[in-house]
Structure formats: C-alpha cells, structure tokens
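Next come two complexes built around chain A: one with chain B, the other with chain C.
Take a look at the complex of A and B:
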C-alpha cells in the first residue's frame, strides 16, 4: 500500500506552485511553531497546516502526520513528566528511581511537555503536507545550482532506497514460493543478496552518470521554467504568517511560562496570530475542488 | 489482590503518593539584598511538605520569575538579576548557612531548615560557601539534609572556647569530635592561620567568601574589613573580634571565632547568638557592637 506521505501529483494550486513558493508557505507554519510556546498558537498552527493539507487534497497525509505527531506528543508528555520534577503543583510522588533521582510528577512539567509535543505535532503535520504536495524531484532540481553533489546524492537515495525495498520484497516472496519444506530464508542471506545487488546497480548508475557527463562539472542553469500563477498567494500567505509571528514575538504576544507555576495569557496579539495561522491554511483552496 | 496491596505498601514506604505529601515541619524563609543589609520581603515560617524544594517554598511565598526550565531564579518580587556599572548582581541562596551545591529546584527539604535568599553584587566573590547569618544553623540541624555534630577546636582561645561551647550547646548543637563534625575554630589569628580552612582568608573573598582579612603591622595582626568590591575599607583596632564561616572543597563549613588578641577572641565568642549574627555574612565586633561584613 502506498505511503500516505508519498508525493501525489495533482492538478491543484499547491502542487502546481513553484518549489520556492510551496516551501516558503509550508515552512512559515514550522517557523511559527518554533517561535511560539503559547498552546493556542501551536494548536492554531496545527489546525492551519491540517487545513492546508485538506484544501490541497492531501488530507490523508495531513491526518496521518497529525496521528504520528500526537503519538510523539504523548510520549514527550510522559517522558517530561517523569524526568522533570520542577513546578509548584505536585500531582504524584513516585519516590526515588535509578538514574532519574526523585520523581515528582507536576502539572507544570506535564504542561511543558504538552507544549513541546504540540510543537512537534504541528511541524509534523506541515511536513506531511509538504511531503505529499511538493514534488521531491523539483526540490532537488531547485537545489542543484547551490549544492549539486548533495542534490545528486539525495536524488539517487530517493530512487535507490525504494528499489532496494522492492528487491527485498521480491526475494522474500521468492523464498516463500520454494514451499514449506525448504529451509527458511535467513535475514543474513537476504541482506548479503541485497548488498550484492545494490553494488551491481551502483556500478550501473555510476556508468550511466559518466556517460551523461555528470563528471564534467557543467554548470546547471537552474529550473527557471517552473513558475505558477498560484505562487503569489502562497508567498503572500506564508510571508504574512511569518511576519505576523515575528512582529507578535517582538511585541510580547507569546506569554507562556511553565515554571515555576503555569502562566498562560492570550493577548490580542496571540489571538491575531492564531487567526492568521488558521486563515493561512486556506491558501491552497480552489473553488469547486474536492478534498481527498 | 495481595500483590496489589503489597505493591501499594511498598510505594507508600518509598515516599510515593498523591499530591504534595504530609507536613514535615516548619522552614524559615528570609529574602534580603546586598549581603543581608536590607529585607526584600518579610521573613516567614512555612510548613514544608514531603515534596517541597527550596524553589517551591520560595514560589509559595514570593513573586518569582525563573529561567532555564525553572531551575534558575531570575527575579524575586520584581528585583531582577542585573549588570550595573560593570558589576553583576544575582540571587543566591543558603540553606542553614551553607551555599547549596545544587539548584533551588533540586534542593529537597527535610523540615527545620533556614532558607536565605540574598541579592548581591558577586563581582568580588563569585562564591561565598558559608555564612553565619543562619545561627543557630547549621549546628542545630546540620546541612545538606544531614545532621552533623559540632566540634569546638580551641587554638589558644582560653575562656572564649568555653563561651563558644556554651553558646553552641544552648543553640541545640551536639558537641562531639568526629570526622563529619562542623569545626568551630576559636583562638587568636596568629594560631588559627595555620589551619588550612582558616588560611583561605589570606586568599581574599574570592577564595574564602569572607570580606575580612588580617594584615600585619608593627603591633602585630590587625583585622581589616573589606567592602563589597573586595577592597580594604577599614582597619579595626586590636580589640576587634571576627565571627566568619568558610568552607574548603566539599568538607563541612568551618566557623572562625578569632581576632588579633585574646580580648578580641573573647568579644568574638560573645557574638555567638541569634541577635548579633542574624542575616549577616560575617560579623566583626567593635566596642561591644556588631559590625556586619562586608562593610558598606
């Protein structure tokens, strides 16, 4: 079954936008998530990124990212609650534990862990939408003028890893087809066969690259042909969100302190940034389009 | 069922439970500035609970701001760490007169402790390992969570030694000579200066944390009081005694009851009470009056 995070080419504004515009737009959600600790803003960023995924037709990827993010957030909350014993409101005393020392579970440590978890979840949703909506080949092509070798290496990995996974699946299938009486195929044998095959393939790839003149150091002129009429809206949405977040941060719109006791203040600026983050999620919307 | 009950009992005996836990006794909290010269908040006595740390007691009784994940106190009642005229000011805390080796959020209380927060210029002495202002602590209930006996080391102190011993006994100290005992060195400086802990005074406040030193003159040793900047501020007369505390490495705090002459040592021993030492880093006595150190 195809991964929900795999790139899914569609004729939609976000998928058609240039790489720079799409990365700037989705990156602005991550920027806000890293700049703010206010739970309201982080929830709004996650909601905005989710909305962006739904309106771009990548709802499945966005929800899968959210599920993974929430799982990670739960883990962070539990670990933070056990490791950090700071905070005024003690909920549970678990005594002394090896390595951890005295373990006091406090409401503040749980809240601090929840904020870190919400941040991770919001960034994961934005990244899931990026993964499903932005063509990785175009990203690598855009990177080629600045880091040609790295782009080539990343491109090769993105091709060869799935090929190796397919090879492994085929070899396992072939092993099973030998019948129940045959000796089971061990992992070591499978790994050896895969390694041999991948080395053979690497030699083929190197020969092909040489024939195509990759070693000549020809300067690549960049991918200037890919711009879209949708670019401006994504640049404006992402730029407005990032600018509002930076301005709000400078003006003190992020009032959240976990320690020594919880302090959460929703200032007008906090509400404006939260609303901006949610509204920015509508940027990929196309009239008459159906979400996936 | 039996296993569950046994598990619950094991958890309860291991100090586990719901909420802040039972009361373990009162603790006192003092918040001052500039080496104890001015109170920032009224001193309070608070009932400590099993889960209490120095930070939790402070947070309950003052308005504080913290940094580094709640581990470092940035401000108390609006008085924040600062750099003024190139000098650095910060909050420091002492439990039973001893500087803590761990942060306030990690310092667990056992009941009976005297907590003292002081906001001070630390340019001259980044570390003041022990102070006298928590008297009768650390003699009454020890330091760093453990009780320790006290040992009066009489280095030619004469009658001052018995005065010191009496004052310590009436303060609740257990006088016993053993390795972990808190030493109280009583005697004239000419004798005490050979003790490795007392000799820290010769390295200045940076080494000893004591804002006083002894200088030689044609009449012998003279006590010199230092200012907050660590510079000499005043030479005292030969009858001036000194009560100070310091600490060498991780050893016990060492109290010094000394002076240039036998009379000075006697007047220093007479300072060993709560009224004269309270909220001071070290104290000199001049003409029967206490002079807090550093000098202002």
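Take a look at the complex of A and C:
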C-alpha cells in the first residue's frame, strides 16, 4: 500500500507552486510553532497545517502526520512529567525511583510537556503536507546550485522521507509475517531500523545521483525556476503568517509560563496570530476541488 | 579538446591495470592484481561466484570505487580514455552507464519520464533533445507506456528496465550491468540480453555484464572474464570459458554445457543454437530437432490430502496511480501438504499479489482462501525481517534456537544480522517467519518464498533447494514464486504459470518446463524431449541413444 507521506502528483495549486513558494508557505507554520509556546497558537498552527493538507488534497498525509505527532506528544508529556519535578502543583507523589530519584508529578511539568508535544505535532503535520505535496524532483533540482558537489546531502534532503515511508510500509508488512516465537517487531526496533536503513538507502540513491552526473556542475535548462500563477498566494500567506508571528513576539504576545506556576494569557496579539495561522491554512483552496 | 575526443573514440572501452582494492575496514582485498582490456564495442560477460569481486570491478569502472566507497586502491582504470580513479563518477557518466543489482536504489525521480531524462538534464541537454532521447530510450526498452507512471507504482522488472533506459539515454561508450536480469521474467530477461546485443552491434556500445544465470547471455557474449576470489581466473572466449569452468569451477557451467559434460560430448556449447548444431553433427542418426510447442493448461497432477491451502475464485484489486486494477482474476488453486510448487509468470502477472493474499496481507474482493495451519511467507527483501542487532534478539528462547537450527544458523546467535552473507540473511529471515511453528499442529500448512534467488550463485541455490526439500519433508506445502527456470526445475514437482492474473497452465514441472519456449529450461530447449528438463535427465536420454526426435 502506498505510504500516505509519498508525493502524490496532482494538478492542484500547492503541488503546482514553485518549490520556493511551497517551502516558504509550509515553513511559515514551522516558524510560528518554534517561535510560540502558547497552546492556543500551537493548536492553531496544527489546525492551519491540517487545513492546508485537506485543501491541497493531502488530507490523508496531514492526518497521518497528526496521528504520529500526537503519539510523540503523549510520550513527551509522560517523560517530562516523570523527569521534571519543577512546579508548585503536585498532583501525584510516586516516591523514589531508580535513576530518577524522587518523582513528583506536577501539573506544570505536564503542561510544559504538552506544549513541547504540541509543537512537535504541529511541525509534523506541516512536514507531512510538504512530503505529500512538494515534488522531490523539483526539490532536488532546486538544491543543485547549493549542494552541487554533494549528492548525498541532496539525496538526504529530497529522498529521505519518501525512502523511509516506503521502507516503513515494507517493514510493517514483514513484521506481520514474523513467527509467534520471534521477537515482535516493536516500535523502537522499527524506528531504529528505519533510520539506519533509510540512511543506507539514501547513500545508494546518492551513488545513483553521482552516476547520473549530479556533480558535474553543468548549467541546464530545467524547470527548477518554473513559477506558477499560484506562487504569489503562497508567498503572501506564508509571509503574512511569519511576519505576524515575528511582530507579535516583538510586541509581547505569547504569554505562557509553565514554572513555577502555570500562566497563560490569551491577549489580543495571541488571538490574532492564532486566527492568521488557521486562515493561512486555506491558501491551497481551489474552488470546486475535492479533498483526498 | 579535439585530440581528447579522438582519443576517446579510439581508446579501449575499459583498460584495467594491476588493480587492487580493499573496502574500508575490510579484512581482505575485494580485488587483487586485476588487469583487463576491453576493445571498443566488445560485449563481455563477467562471471564468478557471489563475493568473487564482480560488482566491485564494475564499481571501479564507473568511478564509485574509490570515489564514493572510499577504501584503499592501487593500479589504474581507464574508461574510454578517461582516468577513472582521477575523474570520479560524475565525469565518467559522460562515457559510461551503470545499472546496479537492486533497481529500487537506482531511481531518484518521481516519474519514469523524469528518471530517464535526468542524466540528460544534468549533462546540460536542451529540453527538445531531451524529450526525443527519452522517447527513443523508452522505445528501445519497450516501456513508452510507462513514461507517465510514478516510479513507486512499478514492478521490480519494470524498474530495472527504467534504470537501464536511464543508463543508456546518454548513449555511453560503455555500459556496465550488475545482474540486470535478476528481477526479470525469462521473456524480459532474454529480451534485455538481445537488446544489449543489438545496442552493442548497432550503436557500438561496449557492454560489461555481470551475471549468475550464464545460460541467458553466454551466446551473446564475445568474451568472458571469470572472477575468482578477487582475481581474474579466466579471460577468453565463451567456449574456452566453459572448458575452464568444467575443470576449475563446475558450478559456473551452463546447463547445456553440463548436459554435454555428463553425456561425454564435445565441444561444449555456448547456447541452445550451438548445442543443437553440435548435436546435429555428432549424432547424424537422430534426425532433425522438433520445433518446440506451447503447452496448454493440462490436468493438474494427482492431489494428496489433506490440502494445505485451497483457493477458490480469488479476485484481488490493487490501486495504481489512482486507478483500480484487477490483479488476480478468478484464481483456483489447491496445494497439498509436502507439495513443491513453482509459481511462475511474467513480471506483473500477479505472483507476489497471490502470495500476499494467501498470507492475509491483502484482502480479496471476491473468492475464498482456506488455509490449514497458517502460512509462513518470505518476501522479496529478507532484510525487512531483520530489525535488531543480534541474531539472538530476533529469535530468543528455545523456540528461537530451534528455528535457527532448522536453517543451519544456530552458530550465529551472537552475530549482527548485517554481518551475515546474503544467503545467511535469507535463511535467518526464514527462521524468523518459522519461529514457534516447527512442530505438529503449529507447522504452517504453507511455506512460500517470493523470488528467493535474486543475486544467488548456483552453489547457494543448491543450498536453498535442500532447505525447500527439508520443509516439504516436514509436511508443509511449498510455493515459490520465481523467474528462475533452472531453479524451478531443481526443486519443483509442479508448476503453476500465471498470466495477467489468471492461471494459464498448471501441471507437472517436467511437462510445463519442457513444453514451452521462454518458461523452459536450457536442456529442454536443446533436446525438445517432453519431460526432460535437467542436465542429468538429458544426459541419460542421450546416453540411452534416444536423442532429439525428428
């Protein structure tokens, strides 16, 4: 079965946009996620990226990214609650534990973990939409002026996700075929194997790129500079979101402190950034288009 | 510059002088004192067992060794006048193309057209000339219908042809191929070899082809270079190679040569046509050879009860490029316990889909699968089963050891699976699928392999045949999807031939593998005797004076 993160060529505004415009647009969601700690803004960024995926016809990828992101967020919350004992509101005293020492679960540590997790989830949704909507061939061409001597760098940037996605599907399938006395596949083993395997395969892909002449440095008439009539809307949407986020930070928006006690203020600046993030998610929308 | 171009045109395709090479951290060198010169336009075959240095020599010729892999190198390599050790793969890409063993690692673009056009784009060709060259390369390889497809929707065989088209599209002076037919069905494999021969003759492209299935390509070659433990063991014409192999390494003999050796006939034949001509000369009384005929689907052999698996009217749909296709169409099949079946057919005929449906990975849209005792399936990439860093971590406990014992790997419990040889990794993957299912009721009714002989030499295939026979003796039904006709002849008692999602022939292996042309062994094609598919049977027939029928 085809991976939800695999690039799906289709005639839609985001897929037709130039590589730079698409990266600027989707990257603006990641910029906001890294700049802000307000749960409201982070939720809005995740919603905006999800909306972008749905309107671009990559809803399957966006939701798959969200599911993975939420799983990671939950893990971060649990780990943060167990290893961080800062915070005034103790919810649970678990006593002494090996390596961890005294374990007090505080509401503040849970909230701080949740914020980190939400940030990771929002970025993963944006990255999932990127992976499904931005043509890796065009990314490869766009990278050539900057990574012309390093096929490996280019292969890692443009191919690691598609290769890892294809490997993950095969590994899961093989995992279902293991005998009852074999050690089950397990998420940890799968993740380690995926990482090492994908790096190995990216090296193979890099070798192929070298053989095709990637390192020759010859100028060619390609379509890496191809623009689309949709570029402007993505540059404007991404630019507006990033500019609003930076301005908001400079003007003191994003009032969130986890320690020593929780402090969350939804002042007008935070609300404006949140609304902008959600609205930016509508940029790929095309009249009459169906989501996938 | 004109001098350089003239030198390239007249220079040998490949000139290797006292080449030695050791991979980083390797205990022993992969190549030692290799010297070789291929004149422009030579079609040369690179033979040798697994690990003998064939792939490394090809990688040295295209510049990946040492530029990409690192390691220690000495001696010299020139490709069409270019110093390969100094130039590197990018510059060498102008004069030589390389097709590696695994097609999945050779595609870097999203669509087939982009993949084939990429080398031209990187070489600076204009869009108009790129479009024409892509079209011509696609036509030459009979894949124009694939141009708009995404590469992740292609079968292994289709991918291999796309990779070859991408290597040929720049019209290089030398093309290097590392087992390019390992994923191709017999029809596509033969077509590829003769396509290479045609490109060699018409375009003057030099060819250096590493292969294990020598019977496919020996007749097309001008010259054979045999590697042995990193050194050149033999360098000469095809007939001389067969004479050398007869003494030095009989595992490299082709089936027809082995037939002649066993029957005491000389000279050894380089191919089917040669064998028939020699037979015609040495046995005048045997008359002319009969033209081969296609075998229709006949009555299947008698069934043993109880069946391991029964399939009734199985239909399976798969999505490809956003469209739904019927990949299996009304398959009926019954597999008895202990039965050994070769599942054959062209690339895309539905073999892997059938196995994955039987294993429960795919859901049929219609029809029924009844399985007694479940199924163990080893898919095409054994590495997908190996996810931990110690063999014992994959297979813990007594049952794990028992599974390792079954495949002869109980000595490897502390080894890293990545350090095992290709054959050992495959056996470990099989042990993982069989773990906890080795006794009584838990024994799988069906054990299936999907293309298990990719990259295997004959010695390793013989080990696999023994393993298959052992599993069948335990009581499991064996179904092996394979393109390797000679391997099928070695293990199968029954052959099921699929064509476009339907069973087109199902019967005794000797009958099916001697009745057709493409899905027939070399011995069957030489002798044309119904039921005679192995060198041993053929030699017995010849010695009994039956000979080819007129």
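Keep this in mind: the second predicted complex is superposed on the first by the 218 of 292 C-alpha atoms of A that agree within 3 Å, B and C clash if a C-alpha of one lies under 4 Å from a C-alpha of the other, contacts with A are read in each partner's own complex, and residues count from 1 in each chain.
Just so it is clear, a residue touches a chain if its C-beta (ideal position, glycine included) is under 8 Å from a C-beta of that chain, and two chains touch if they have at least 3 such contacts.
Keep in mind that this is a model prediction, so the values were computed, not measured.
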Give one of first, second, both or neither to describe whether A:102 is in contact with chain B, with chain C, with both, or with none. first
On chain A, which partner touches more residues: chain B or chain C? C
Which partner does A:209 contact after superposing on A: first (chain B), second (chain C), both, neither? second
In the superposed arrangement, does A:261 touch chain B (first), chain C (second), both or neither? first
Touching partner for A:183 - first (chain B), second (chain C), both, neither: second
What is the contact status of A:94 with respect to chain B (first) and chain C (second): first, second, both, or neither? first
After superposition on the shared chain, which partner residues are touched by A:174: those of chain B (first), chain C (second), both, or neither? second
Where chain B and chain C land on the same part of chain A: residues none
State the interface residues of chain C toward chain A in the complex, per the touch definition above. 62-64, 67-68, 88-91, 93-94, 97-98, 100, 102, 105-111, 114, 118-119, 121-127, 150, 152, 166-167, 319, 356, 359-361, 376-379, 381, 383-388, 393-397, 399-400, 403, 432-437, 442
Could you pull out which chain B residues touch chain A in their complex? 11, 14-21, 50-51, 55-56, 59-60, 64-66, 69-71, 105-106, 108
Residue ranges of chain A in contact with chain C within the complex: 2, 6-7, 9, 135-137, 140-141, 155, 159, 162, 166, 170-171, 173-183, 185-186, 189-190, 192-193, 197, 201, 204-216, 218-222
Touching residues on chain A, where the partner in the complex is chain B: 84-88, 90-96, 102, 104, 108, 112, 257-261
